[in-house]
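I've put the structures underneath this note.
Two complexes are shown next, each including chain A; its partner changes from chain B in the first to chain C in the second.
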Partner chain A sequence: MAGERRSFSEWLLAIDRRLVYLLVLVALAVPLLAAEFAPYTARKLTLPPAPLRGARQLFDRVERIVNERQEAGAAYDKIVLISADFGPQTRAELYPMLECTVRHLMMRRIKFAIMTNVPDGAGYCKEVPEKLARELGCEYGKDWVNFGYKPGGSFLVRQMAAKLPEAIKTDYKGEKVESLPCMTGIKDAGNVSLLVEITGLVGMFGRWPAFFSTPTSRPDMAHGCTSVSIPDAYSDLESGLICGLFEGIAGAAAYNDFLEGIRDPEKDPPASLAARVHMTGQTVAHVLVIIFVALGNAGVLLSWWASRRRAAGNG
Partner chain B sequence: MSAINWDLWGVLAGGFCVLSIYSFLWKENRFYRFFEHVYIGVATGYGVVETISNFVWPDWLKPSLGLDLQPWESYQWWKAYLFVAAAIGLLMYFMLSRKHNWIARIVIGLGLGIAGGMAFQGFFGGFFPTLVDSFRPVVAHSFDPATGAPRLNWWLMGGNVLFLATMLCVMTYFFFSFEHSKPGIKQASAMGRWLMMVTFGAFFGSTVMARMALLIDRLQFMIHDWYRAIGSAFGG
Partner chain C sequence: MRRLLVMLVTLLAGVYFFVQFFLPKDLYIFGEFYQWGRYEKEVFDFVRVIFVMSFGLGIINLVRVYGYQIVRGRPGWVNGAVLLLAMVVTIVAGMWGKFGQSDGMASFYDKFLFGGLMNNLSSAMFSLLAFYMASAAYRSFRVKSFEAALMMGAALVIMIGQIPLGYLVTEQAPQARNWTMQWISTPAFRGIAFGAMVAGLAMAIRMWLSLEKTNFGGGK
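Right, the complex of A and B next:
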């Protein structure tokens, strides 16, 4: 009723949703603005990521490849395969994962192939390795190969497991993949030491453990997923189906911290601050959402309590 | 006259699109509706072009027509099988004909048969490790790092018991072939429902994080790219 004074609980329950949006926007924008206009301050103010177990396991698996390569010597004929199946929708979380994986592989000079099963991912498959290759001095064809966008879903994965070069045929430039030095000796899934699937799409990862194996071997697999999929992906990590996991943007931020530990300050440029800045904004906004949930519930409880008191007074 | 900087205008247009889409948070409006359709159109067009340039042309048309041959190579006629595969795939378009749509069912049947066969392999490859892992010991040992002697690992045992109890309770909830009113079954089913609620809470929390990430990306674009593009375009 006009002119009637609202109680605190009523006010709490009637907060305009646009105010909530505005506060979330401010919470997310402040770390990004700081990173843009005061990067040194932002570096100090960003929250350190927790040393997440899944990201650590993936990092350790990549490090073990270096040892395996040393032990095998010239006979080593394996590559890492990255499937970057994401587009602009999930770029914020998945792009930093792709970046730190490629950075790690390039820092250790581990040969890898990158591909995508979704059309939107083709740009990232080209952009990320080329950008990092300029920083770290890697060469296309020798250190990595880009298969580009390859449709075919599970059928393609099944074919790749048996005959990898025949299934892929050409790289993103249209050159036959067999002719690239990076692919020398690569025949089937047995020549893949590690598969990293980075995707926010449901069912994308499941195709690899289902079909990407030979009768005698199955490559180790890791999953980079969006925050929505983390509870699902944990069961894969617990059961040993995957050997590593990027737990959303926090996983990428933690991985960058691990990379900082092995970085040669004179040779390697520092990892991007983006994952850490994004994670800080996300954490602040998450705390804000928790506060809103608590306030909303407090409003309901206070309103219920007030109505009970009114009912008792009338009685 | 200087050449048009398409990258710059692309970023400016991108920023305008982002603002138009997010204007939905204020209220439904024509700008939002228009750009929603633009996005769908662009995504579809992009997908078609990528498929043609990255797959249809290099992996199908070029080899089947012999356009990828080196001067010393000769065309191998068995490669014409690629046309047979394409012809079978194109039969799918008969579903647009009322009279001949039965022809499309051949392709659909073929696809279903293949998918059914692959599902068997998919199940064993994808679910068996998780299934095997669900058989966990309730009495678990670990080895003393100093002496190597086995000892009870209470943390692991607690985790395994919790895991098994959760799995049994949730499975009980989904047994619909008997009533859930019997003692034991009723409590286990209720507990299963509560435990699933906890999981859904975890899903909700992670979904909130993912949605924030989407906004972060657009904010990053607006602050980093769009702001600079405006400066370049209008600030000189």
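Right, the complex of A and C next:
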């Protein structure tokens, strides 16, 4: 009833949702604003990521490519393929994953191709490598190639597995991919050392293990997913279907820490702060959710206790 | 006749891809080599062309639905007009930038339309989820039964193990989270996935044999 005073347990059970929204807004906005306007302070205040083995495994797999290339010498004819199948909706979590993968490959001068199966992803396929190439001194066509947006879903993947340049035909500028130095010797899925699928879409990753293989080989595969799809992807990691996993934004933040370990301070600029900042914001929001859940349950307990006391009093 | 044609094409396409997946690349029959996938490139290109045509179909549909709404002045016609205008501007800017070799238009498309508008509008739409999820977690994770307690316990273990704060409080937090993921979540997920795959296979067979009437535009 209007104006009736609520007990404390009633208040705990029905906290105004506007208060919840306001606190979530503050929790998420403060780290982002700090990173924008006070990056030095933000770098100090961000939290270190928890050790997540999926990111470590992926990092180690990329490092092994360097050894494989050294062992094979001039005969090495493999590239890494990145499929960035995400749009602005999941950008906050997936963009830092793309950034740290590309940064690692460019730092180690591992040739790679980037593409997307969703129209929204084309902008990121262009933006991320071009931005990092300026920082790390890489050259388009020689160190990486951008296939751009390619429609076709599973059919394209199947076609790429058998004849990669024929399936792709041209890069995002319209140039024939076969004419690019980066693609020399690349024929089929057997010439792909590692495939990294970064997506928040359910079912997007599944077509790679299903169709991207030759009769004699299948590239190693890794997956970057949003936090909500970790349980699904974790099953693939456990079974060995994937050799690495970005477990949400925390995975990208952990990966950036590994990159810091191999960075040459004289030559390479530090990794972007975005992953850590987003993860810190997410952490504060998670703590807030835990507090609200605890408050809600405290309300349930208090009201149960009060009703028992009333029942005992009446009896 | 149209129905029969659709059934026939569906059946033949299904047979082609089914056989193509299982047969070896080169078939040796009566002293001769045959390749089932000889015209694979053409077939796959055809499928991709059909796939791309769906974009055209989408545009026609949007123009028909919202064009009708605007012409008739139906409620919400302003939203429809904005949608069509945004679509036309994006298509024109994208094509002009690419085929007209105009750097200014390409920059307008990349920086303003994609980077400035679409990026931020889509992110803003999706970010609303954070608020709803926090509110929903507060309202729904209440220990009112044993099952609810289990769900809440699992959610807390995963959340605390995933965030850095959990690791700073105790190093056991990520381990507990990994254990829960490995021994509880993964088997459950595999069970669900297995069931879904079997159902998907059954559905695929029904569609292949045209037993699914919705293929033909409804259950009539």
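Basically, the second predicted complex is superposed on the first by the 311 of 315 C-alpha atoms of A that agree within 3 Å, B and C clash if a C-alpha of one lies under 4 Å from a C-alpha of the other, contacts with A are read in each partner's own complex, and residues count from 1 in each chain.
Assume a contact is a pair of C-beta atoms (placed from the backbone, for glycine too) under 8 Å apart; a residue touches a chain by one contact, two chains touch by 3 or more.
Since this is a predicted model, take the numbers as computed values, not measurements.
A.B. asks: Record, for the superposition on chain A, whether partners chain B and chain C clash or fit.
C.D. replies: Overlaying the two complexes on chain A (C-alpha atoms) leaves chain C and chain B clashing.
A.B. asks: Touch check for A:D257: first (chain B), second (chain C), both, or neither?
C.D. replies: In the superposition, A:D257 touches no partner, neither chain B nor chain C.
A.B. asks: Kindly classify A:P209 by the partners it touches after superposition: chain B alone (first), chain C alone (second), both, or neither?
C.D. replies: A:P209 contacts chain B only, not chain C.
A.B. asks: Quick one: classify A:P51 as touching chain B (first), chain C (second), both or neither.
C.D. replies: second
A.B. asks: Taking the superposition on A as described, I'd like to know which of chain B and chain C A:G240 touches: first, second, both or neither.
C.D. replies: Touch status of A:G240: first partner only.
A.B. asks: Which partner does A:G296 contact after superposing on A: first (chain B), second (chain C), both, neither?
C.D. replies: A:G296 contacts chain C only, not chain B.
A.B. asks: Is A:Q89 in contact with chain B, with chain C, with both, or with neither (first, second, both, neither)?
C.D. replies: The answer is both, since A:Q89 touches chain B and chain C.
A.B. asks: Is A:E197 in contact with chain B, with chain C, with both, or with neither (first, second, both, neither)?
C.D. replies: neither
A.B. asks: Of the partners chain B and chain C, which touch A:A274 in the superposed model: first, second, both, neither?
C.D. replies: first
A.B. asks: Which partner does A:Q159 reach: the first (chain B), the second (chain C), both, or neither?
C.D. replies: Only chain C; A:Q159 stays clear of chain B.
A.B. asks: Using the superposition described at the top, list the residues of chain A that contact chain B and also contact chain C.
C.D. replies: 21, 24-25, 28, 88-92, 120, 151, 155, 158, 227, 230-231, 235, 238, 248, 282, 285-286, 289
A.B. asks: Can you tell me which positions in chain A touch chain C when the two form their complex?
C.D. replies: The touching residues are 15, 17, 20-21, 24-25, 28, 47-53, 87-92, 120, 123, 126-127, 151-153, 155-156, 158-159, 162-163, 166-167, 215, 227, 230-232, 234-235, 238, 247-248, 250, 279-280, 282-283, 285-290, 292-293, 295-297, 300.
A.B. asks: In the complex, go through chain C and note every residue touching chain A.
C.D. replies: 24-25, 37, 40-41, 44, 47-48, 51-52, 110, 114-115, 118-123, 125-127, 130-131, 133-135, 137-139, 141-144, 152, 156, 159-168, 173-174, 178, 181-182, 185-186, 189-190, 193
A.B. asks: Can you check the complex and tell me which residues of chain A touch chain B?
C.D. replies: 18, 21, 24-25, 28-29, 32-33, 36, 88-93, 119-120, 122, 148-151, 154-155, 158, 169-170, 172, 174, 176, 200, 206-207, 209-211, 213, 226-231, 235-236, 238-241, 248-249, 274, 278, 281-282, 285-286, 289
A.B. asks: Provide the residue numbers of chain B that touch chain A in the complex, in ascending order.
C.D. replies: 25-26, 43, 46-47, 50-51, 54-55, 58-59, 62-63, 68, 114, 118, 121-123, 125-126, 129-130, 132-134, 199, 202-203, 205-210, 212-217, 219-220, 223-224, 227
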